[in-house]
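What follows is a single structure, written as structure tokens, with notes after it.
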Amino acid sequence: MKVAFIGLGSMGAPIARHILEAGHDLTVYNRTESKAKPLLDAGAQWADSPRQVVRDAECLVTMLSDDMALNAVLMGEGGALEGMEKDTVHVSMSTLSVEYAQQVFDYHHTLDVNYVAAPVFGRPDMAEAKKLWVLAAGPRKGIEAARPIMEAAGQGVIDLGDNPTAANSVKLAGNFMIAAMMETLGEAFAFVRKSGVGAEPFLEIMNGKIFRSPIYENYGSQIAQGRFEPAGFRLSLGLKDLRFVLAAAQAVGAPMPLASLIHDNYLGAVARGMGDLDWSALARVASANAGLGDVDADD
Amino acid sequence: MKVAFIGLGSMGAPIARHILEAGHDLTVYNRTESKAKPLLDAGAQWADSPRQVVRDAECLVTMLSDDMALNAVLMGEGGALEGMEKDTVHVSMSTLSVEYAQQVFDYHHTLDVNYVAAPVFGRPDMAEAKKLWVLAAGPRKGIEAARPIMEAAGQGVIDLGDNPTAANSVKLAGNFMIAAMMETLGEAFAFVRKSGVGAEPFLEIMNGKIFRSPIYENYGSQIAQGRFEPAGFRLSLGLKDLRFVLAAAQAVGAPMPLASLIHDNYLGAVARGMGDLDWSALARVASANAGLGDVDADD
Amino acid sequence: MKVAFIGLGSMGAPIARHILEAGHDLTVYNRTESKAKPLLDAGAQWADSPRQVVRDAECLVTMLSDDMALNAVLMGEGGALEGMEKDTVHVSMSTLSVEYAQQVFDYHHTLDVNYVAAPVFGRPDMAEAKKLWVLAAGPRKGIEAARPIMEAAGQGVIDLGDNPTAANSVKLAGNFMIAAMMETLGEAFAFVRKSGVGAEPFLEIMNGKIFRSPIYENYGSQIAQGRFEPAGFRLSLGLKDLRFVLAAAQAVGAPMPLASLIHDNYLGAVARGMGDLDWSALARVASANAGLGDVDADD
Amino acid sequence: MKVAFIGLGSMGAPIARHILEAGHDLTVYNRTESKAKPLLDAGAQWADSPRQVVRDAECLVTMLSDDMALNAVLMGEGGALEGMEKDTVHVSMSTLSVEYAQQVFDYHHTLDVNYVAAPVFGRPDMAEAKKLWVLAAGPRKGIEAARPIMEAAGQGVIDLGDNPTAANSVKLAGNFMIAAMMETLGEAFAFVRKSGVGAEPFLEIMNGKIFRSPIYENYGSQIAQGRFEPAGFRLSLGLKDLRFVLAAAQAVGAPMPLASLIHDNYLGAVARGMGDLDWSALARVASANAGLGDVDADD
């Protein structure tokens, strides 16, 4: 299949590689050209603009950091959308606000381009290992046409039906759940540490015996050990996602006080210069509030 | 070993049975005598008071609903403590406030009775299936002496060292983590439902692919299906535990805003008549606040 | 002075009347024409569109319910902006989001129309009584030119300097402070009522002796007596303002957990059908959470 | 009237002086004897113990920092209660937990001593100026007998009826309302400062035009100027009062999420070493969370 790919960051690059390795014909565009080097060496082709990269493509895959970055490559002169053929498919993997996701979907509709919302769960190391999960929602024929591409991208595709915003809502709710786990760990660790129990043995009990969840294990260890660099997912992006969750929750009329609490803690963390740490550094807010300088100090 | 057991509720009764089945010599006391029937039929003996039940016992096990209930059987005339021999062991399985745990420990110390704090993780069905985890902390010789009894009670003993309050802190922090998961599920379900995605398929994605935790599965299903009766652990007891968490956190100087949020929601749920539902009905607060009458209505 | 006025709602109509009574030459436009009747009877003139109303005007005053409503009368074909002369003044009294306020300001700048942000403090009865306070910020010459109009609108003009967003920030922060007072009253009343003290005698003590504030008196009495209709300011507009506060706070990096709490309570109140009550009905959330059916039941 | 007075701190000393100046016969006891010097010079007498100070007294006034301090002077050997005559009156001015207030009331009842709960509103400077308000509740004859003493203490007595816990509930609810005002000011100031508006001009608008409350003025100026020393009321005592509010609210079943938020912020402030500042330093938490080092830096 002839695939165009835009966005070769820490998530996009490994996904593009998996698609190439699955035998598809890949053309790539990225704002910073140097990031494309390994893919070009492996057989992908380069295009000089979003408009160029979609020429003759059956499928466009985008993986960008936010609404604005996606909008910039899709719209305006030289944008990808004006170059896409009728009935081709756009597989949109970025985490978008529900509001923008609806707009972009409507716009594709007027152009008769299939828009498949396809946000993913997983971090860069999982992308490398082809362990991502792809949440797909959109027009049936678009999903079916792009299925091989989405399957190549990760370990599986979760089909969420016709309404593309469903995939965005699920992605946002999922990130909320992960952030809530981190807030929980942050408060629990601060409490047990001040009660004389170490964060690591406590985690060993709680996850080893009770939760038995790989994601508690991973984030829990990071937090217990104070390992917040390099960022798998930057805290400032965590703030953005929580903002999107709250905006979407507001739009549908669902109060989420825990999401508000987490949002406010992320906002404070960014205001105090922690925006480039991993988003699990949320837990540092709870330990700082308890007068524990940092979470790796005394465990 | 000669064991006295006080407290044959939905947790205590199956624990007592496992101890009996492990071959120990068991004498029981319970406020409501009828609950002892199955154990007596299986070979246990009855005693008419806390004072009587500990006569000649090497080990006393207590499993009561709160500080007050434990205090009532231990203290005063006819109380168990005045009948206990020096160097015997009290295995205290109730979830206690950290404040009371310290008091009761000090009092045992003056009597030369070994006090082993031994709160458990697990609900009645896990108690039946001998799947509880026992958190043990206290004097080394007490823990060693009582180890066979604690091992008979569940699937394993987690040794937390000399300080009995450590076991209580870990138990409270653990219950906080479980309640935090329920608050998280409540808010996430309300949000996705109002966004057009069912709670059950959402849970299937989030737990099946991301969290992969048996406890998310169990509580998540209960909440998604609105099954809050019969209560495995009553919501009014959940409120009590959150109160204990906050009191303990206050004592050590660790602010826990998420615990406060959950506490307030539990308090409101009890004020509105939900105290006898399962504590997972916490999630109903989030759905009610979103104008969703009940969580089982439209999934 | 020749003044155009758009927006004759419960706030706009009395303001327009005061301007007319101050001797200015007034032309009005409103979506619903019938609301203009009393003003026309008093000597104002009617215009059929936003474009028409500004013809020859030296000053345009707008008082609309939100960003969208203002945008609709300013922009596009037949919009007011295309008809405004260079160096005239737009006195913009609506409570706007900080984000939109900046956009609209920039747009006026490109047209050489002076944009004066002029949000007001006060409710309809204060507008009638010419008791509003006008917060003015914008280009110096615009403020000076429009000063007689703004002075005619209320009891005084508060000059906030050159930056129009300052007026919007102050207005939003002010509405947050009022909402915070109502949340405070709601929780305090629920607590004292459940402790056996009536809301009204409690208010009499707290405001009569301690706060001595007319605004505690007014809102406090409304809440203590459960008078939430007719709405002086609708709860759904209160939700909008809190959303604007949080968006603005997010933009400048200031976490506001109390604003988040209030926002979530407003959102829940709207989700449960209370959007058309007065925004002081926020207090009903606290009383409902305490199991008190309604605040006027037992005082 | 023959009056015994225990507790000559920054609140108690001026109250005792006013009672003496009103012509009553005053005997005092204080843990630190030196603090009694000015009163003795003015004609009061000294007693060496709580037991001694109440000898022949018709009325005992206590003003101590908390439950424990009051309990220490009342109970046990040498305690004041064993020395009090039947039908005398104890005017208890300390801010107590509702739980302890009930216990101490019951105990007086068994001794036939009238217990009048008489917490006060006001800080040391108001105590000096005889501007305190006394909230009185208890047995009718006790209130009437002690009225001249309570009237001497401040600018007025607010009679709250027979149930002494009502006075404590009102006092706690009042302190909650003041703390809520400070949290509000803290968040609003951080927001406007980051939006380019100074805290002082903002306060001038909000209090000068809208709230018009002396207490907003006083606390607002302190906060805007970062004057948190010397403490009129220590932050660690503010934490205690919020803990009492939450315990009392829990007991009656009234969730108070704003009180929880404030409590958590106070707890964090104490954990970070701010316990001896004035309780208005609560506002510093909001400014620190917004990355503003301190509130007095740039206004």
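Think of it as A, B, C and D in the order they're written, each chain with its own count starting at 1.
Throughout what follows, a contact is a pair of C-beta atoms (placed from the backbone, for glycine too) under 8 Å apart; a residue touches a chain by one contact, two chains touch by 3 or more.
As the structure is a computational prediction, the values presented were derived from the model and not from experiment.
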Chain-contact steps, minimal, separating subunit C from subunit A: 1
Of B-D and C-D, whichever chain pair has more C-beta contact pairs: C-D
Cα-centroid distance, subunit A relative to subunit D, in whole angstrom: 52
Interchain centroid distance [CA atoms averaged], subunit C/subunit D, Å: 38
Per-residue multi-chain contacts in subunit B, two or more chains: 249, 253-257, 261, 264, 268, 271, 289-291
Subunit C-facing residues of subunit D, complex: 98, 121, 133, 135, 156, 158, 160, 163, 165-166, 169-170, 173-174, 176-178, 180-181, 183-185, 187-188, 190-192, 194-197, 202, 205-206, 209-216, 245, 248-249, 252-259, 261, 286, 289-291
Residues of subunit A defined as touching subunit C within the complex: 243, 246, 249-250, 253-257, 260-261, 263-265, 267-268, 270-271
Subunit C to subunit B touching residues, read off their complex: 257, 264, 268, 271-273, 289-291
